[in-house]
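What follows is a structure written as structure tokens; I'll ask about it next.
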Amino acid sequence: MFKEGDWLLIRYEDKKYLRRLDSKGSLNVKKDILKFSFLLNKPEGLRVGKFEVFKATLEDIILLGFRRKTQIIYPKDAFYIAFKLGIRKNTRVLEFGTGSGALCAVLSELAGEVHTYEVVEDFFKLAKSNFERFGLGKNVVFHLEDFLKAEIKNEFYDSAFVDVKDPIPFLDKLHRVLKNSAPVGFLLPTTNQVVDLLSNIKGLFGGIEVVEIFHRYYKTVPERFRPEDTMTAHTAYLVFCRKIYN
Amino acid sequence: MFKEGDWLLIRYEDKKYLRRLDSKGSLNVKKDILKFSFLLNKPEGLRVGKFEVFKATLEDIILLGFRRKTQIIYPKDAFYIAFKLGIRKNTRVLEFGTGSGALCAVLSELAGEVHTYEVVEDFFKLAKSNFERFGLGKNVVFHLEDFLKAEIKNEFYDSAFVDVKDPIPFLDKLHRVLKNSAPVGFLLPTTNQVVDLLSNIKGLFGGIEVVEIFHRYYKTVPERFRPEDTMTAHTAYLVFCRKIYN
Amino acid sequence: MFKEGDWLLIRYEDKKYLRRLDSKGSLNVKKDILKFSFLLNKPEGLRVGKFEVFKATLEDIILLGFRRKTQIIYPKDAFYIAFKLGIRKNTRVLEFGTGSGALCAVLSELAGEVHTYEVVEDFFKLAKSNFERFGLGKNVVFHLEDFLKAEIKNEFYDSAFVDVKDPIPFLDKLHRVLKNSAPVGFLLPTTNQVVDLLSNIKGLFGGIEVVEIFHRYYKTVPERFRPEDTMTAHTAYLVFCRKIYN
Amino acid sequence: MFKEGDWLLIRYEDKKYLRRLDSKGSLNVKKDILKFSFLLNKPEGLRVGKFEVFKATLEDIILLGFRRKTQIIYPKDAFYIAFKLGIRKNTRVLEFGTGSGALCAVLSELAGEVHTYEVVEDFFKLAKSNFERFGLGKNVVFHLEDFLKAEIKNEFYDSAFVDVKDPIPFLDKLHRVLKNSAPVGFLLPTTNQVVDLLSNIKGLFGGIEVVEIFHRYYKTVPERFRPEDTMTAHTAYLVFCRKIYN
């Protein structure tokens, strides 16, 4: 049942809205109005005129609710990353930098524990406020600290994800704090960054893969089934590898 | 540390091999040989000559180890599906048909409980043997039974995934056994099937999305960074939606 | 040398402008101004401050200069179509409907003769005015007429292109007016249309191919080489085949 | 009508064969046989049992008939290149290196005159023999010579295409022998090469575009309309630009 304070994903034709259920609130689209008081104690998954109302998923929250000052890690990439990192209930995962917290939110839903490092205070605050607003991340430890300066025991982490402009200076320490065979991912927007990483990584990490992910959406009218006109052509290159013992 | 019986992912140049650590075993590639006895009690993530040896991940096991008689659900799709279905530690998820068990294996890693239905006895046995061989799926209940005939309580499942040739006859029962607002996914190889589904689904489910996912891999030589020559162009269309209360 | 009346393609950073060289004219972008009088009798391919000025190509004219009331056939598709139709200097090619004339303009650059049919008077006028404005198509015969009613001799055309919502009613006549083995192309935005065509074409035409074409553009900054953020995901499905004698 | 010596494109189910019509010849596929004597003086575009027989197009000849020692320029890229270079009946176009002659064959079909340079004698001979075998290229001048050493007048060419591993040393001379505003294309398999070119080109050429082209083919069974399972993921990056006067 919907209740006061729930985060709602409201669809109206092709559009999506993320709203908090405030019983005094409402949503106006074109000539239609959805009064939120009507939703209270109604079953979730409700069709009201042209509106469809669901409980918001994590994907909805990240895409529509997270405030961002940087390029976000898109759910299409985040979902795949979490699996490539082998995230499970008992995994302790390292992330830096935090950015707006989008990947961190996905990791924290699945992992046992997430430690995330960020040196830019604005991002650190942004990510924390995104988490607080949506009640996320009880298992996340936020560090406003340079990963290079952080005191971390050897072989402390089960896996790691790195989203910084130049990951090269971090590779040695990253290698040290990971368990053997641990999976690592990197997000890099440009080919130059990937080339640099590939040139520097091979002594420390193996099983290297570089991949781009594309999602192509379709219009849902059955009589005229066809793809959407445009799509996201690029977010970033993803590099995955695993710690080599040495 | 590697130990007898571990499933290994061995890389040699661009090739991947899934092997069980049998201390009498070995792997020959070109003129190189890797004797498995050497691996015993060595740290995981080992480089031995041109070989790199890791503990196999679930992705490795599905892609290289699962026997199949049907088109497999690829990890690239399976990973995304699990997230779109909102699978978490306490989720009870429904799947039919089981097929070779690839998606089921991914769901079971994340969900609390998976119930999977299959009517073809050969597939049922295949999936079970895939799970047994790799020690997967303690939280999976396999049903050799037509989902339409199964006795299931109303609003029993948190989410569902459907991979059958013609999902239309199953829609009413599917709707009944799902909780309100529950996410559902369908995997359909042809546009004709998608058109049929879209034509029949709208009274029962809302928030419909249709998506294709592409993964494009790159060669990892930094001096000649470029995509692989070929890629998978199609596995299936994925349709996601959520139960509408009515 | 640039001269009065030339069609110019002007680039300024990532933007493109199509302008006619009117010696009294100018182009303002941000704080920069390009006076066209400066260009007169200067060599083509000129860099003036941040502006680059070229003679416009046919691609520039179609993309930036053609007025349209319908979905345009994009140059990426048009170029490929012309070649699949085997258009050469001595080819007599049939097209219907004319639409805004984009494909017709490409065909006419290469073919000996183009006959194009259009039943909607508004499109007929639009295409003609597009051609007149840019001085195109001396070898094009425009027909404001239903192709089905047109009097055309048997085996009159070397090749044909069809861009109408429902091509099925035209197939018999199309077959009759084409030479044996003649290549034919169809442009169809939806999968439903392709399915219909494939269901009806096989007695008359063979060697059938269905293809989608994607162009993915890159940012041209060498220090940060990466794809553009978005791309065109769909214009249309292209169907090619050849007349079967019967 | 088919006649002795014609190049045939024969289709049988999904397969394509390029054969010369030798009246003593035949083609066996599975249990079916097509005797070529049957084709003589029959209309082109013939269906004989499961066989479909057409006159071969240039695309068929390049893809199925050209012998190659290098990576070929694919028709999908070649067609687009010819148009981006603005090739018309009166164009004099420069190409180096010749390679196996695939692009040269496309250019020569459309241009007035093609001058192609190749330094490797094996490639030079290969391209010439490909052209002779299929009776192509009356308007092509083959040079077994280093483009850098060739004596060429200033502003001699209307456009040019460059397919060499490292185009940088050729840029100055290329610029000199082109007319102002002339379009130029480069084919480069790796991102490293593109980055190098972009770093060196900007003083001499403007209007730079970098693009990848993808073709995605579909199975043609109307009841199960869906893409082919695999596709070509990469042939090369195409760089287009135009000569800047300086």
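To keep things simple, chains are lettered A, B, C and D as they appear, and every chain counts its residues starting from 1.
The rule we apply is simple: a contact is a pair of C-beta atoms (placed from the backbone, for glycine too) under 8 Å apart; a residue touches a chain by one contact, two chains touch by 3 or more.
This structure is a prediction, so every number in the text was calculated from the model and none was measured.
Asker: Please compute the angle of the rotation superposing chain C on chain D (C-alpha atoms), rounded to a multiple of 5 degrees.
Answerer: Resulting rotation angle: about 180 degrees.
Asker: Using the touch rule from the top, work out which pair, A-C or B-C, shares more C-beta pairs.
Answerer: If we tally the C-beta pairs in contact for A-C and B-C, the bigger total goes to A-C.
Asker: Averaging over Cα atoms per chain, report the distance between chain A and chain B in Å.
Answerer: 21
Asker: Centroid of chain A to centroid of chain C, CA atoms only: how many Å?
Answerer: Distance between chain centres, rounded to whole Å: 42 Å.
Asker: Once you find the CA centre of chain B and the CA centre of chain C, what distance in Å lies between them?
Answerer: 44
Asker: Going by the touch rule set out above, which residues of chain B reach two or more other chains?
Answerer: 191-192, 195, 216-217, 225
Asker: What residues on chain B touch chain A, complex-wise?
Answerer: Residues 9, 11, 42-47, 52, 54-55, 57-59, 75-76, 79-80, 82-84, 86, 88-89, 106, 109-110, 180-183, 191, 194-196, 198-199, 206-222, 225, 237, 242-246 of chain B touch chain A in their complex.
Asker: Residues of chain A touching chain D in their complex?
Answerer: Going by the criterion above, the answer is residues 191-192, 195.
Asker: What residues of chain C sit close enough to touch chain A in their complex?
Answerer: These residues of chain C touch chain A: 189-192, 216-217, 223-234.
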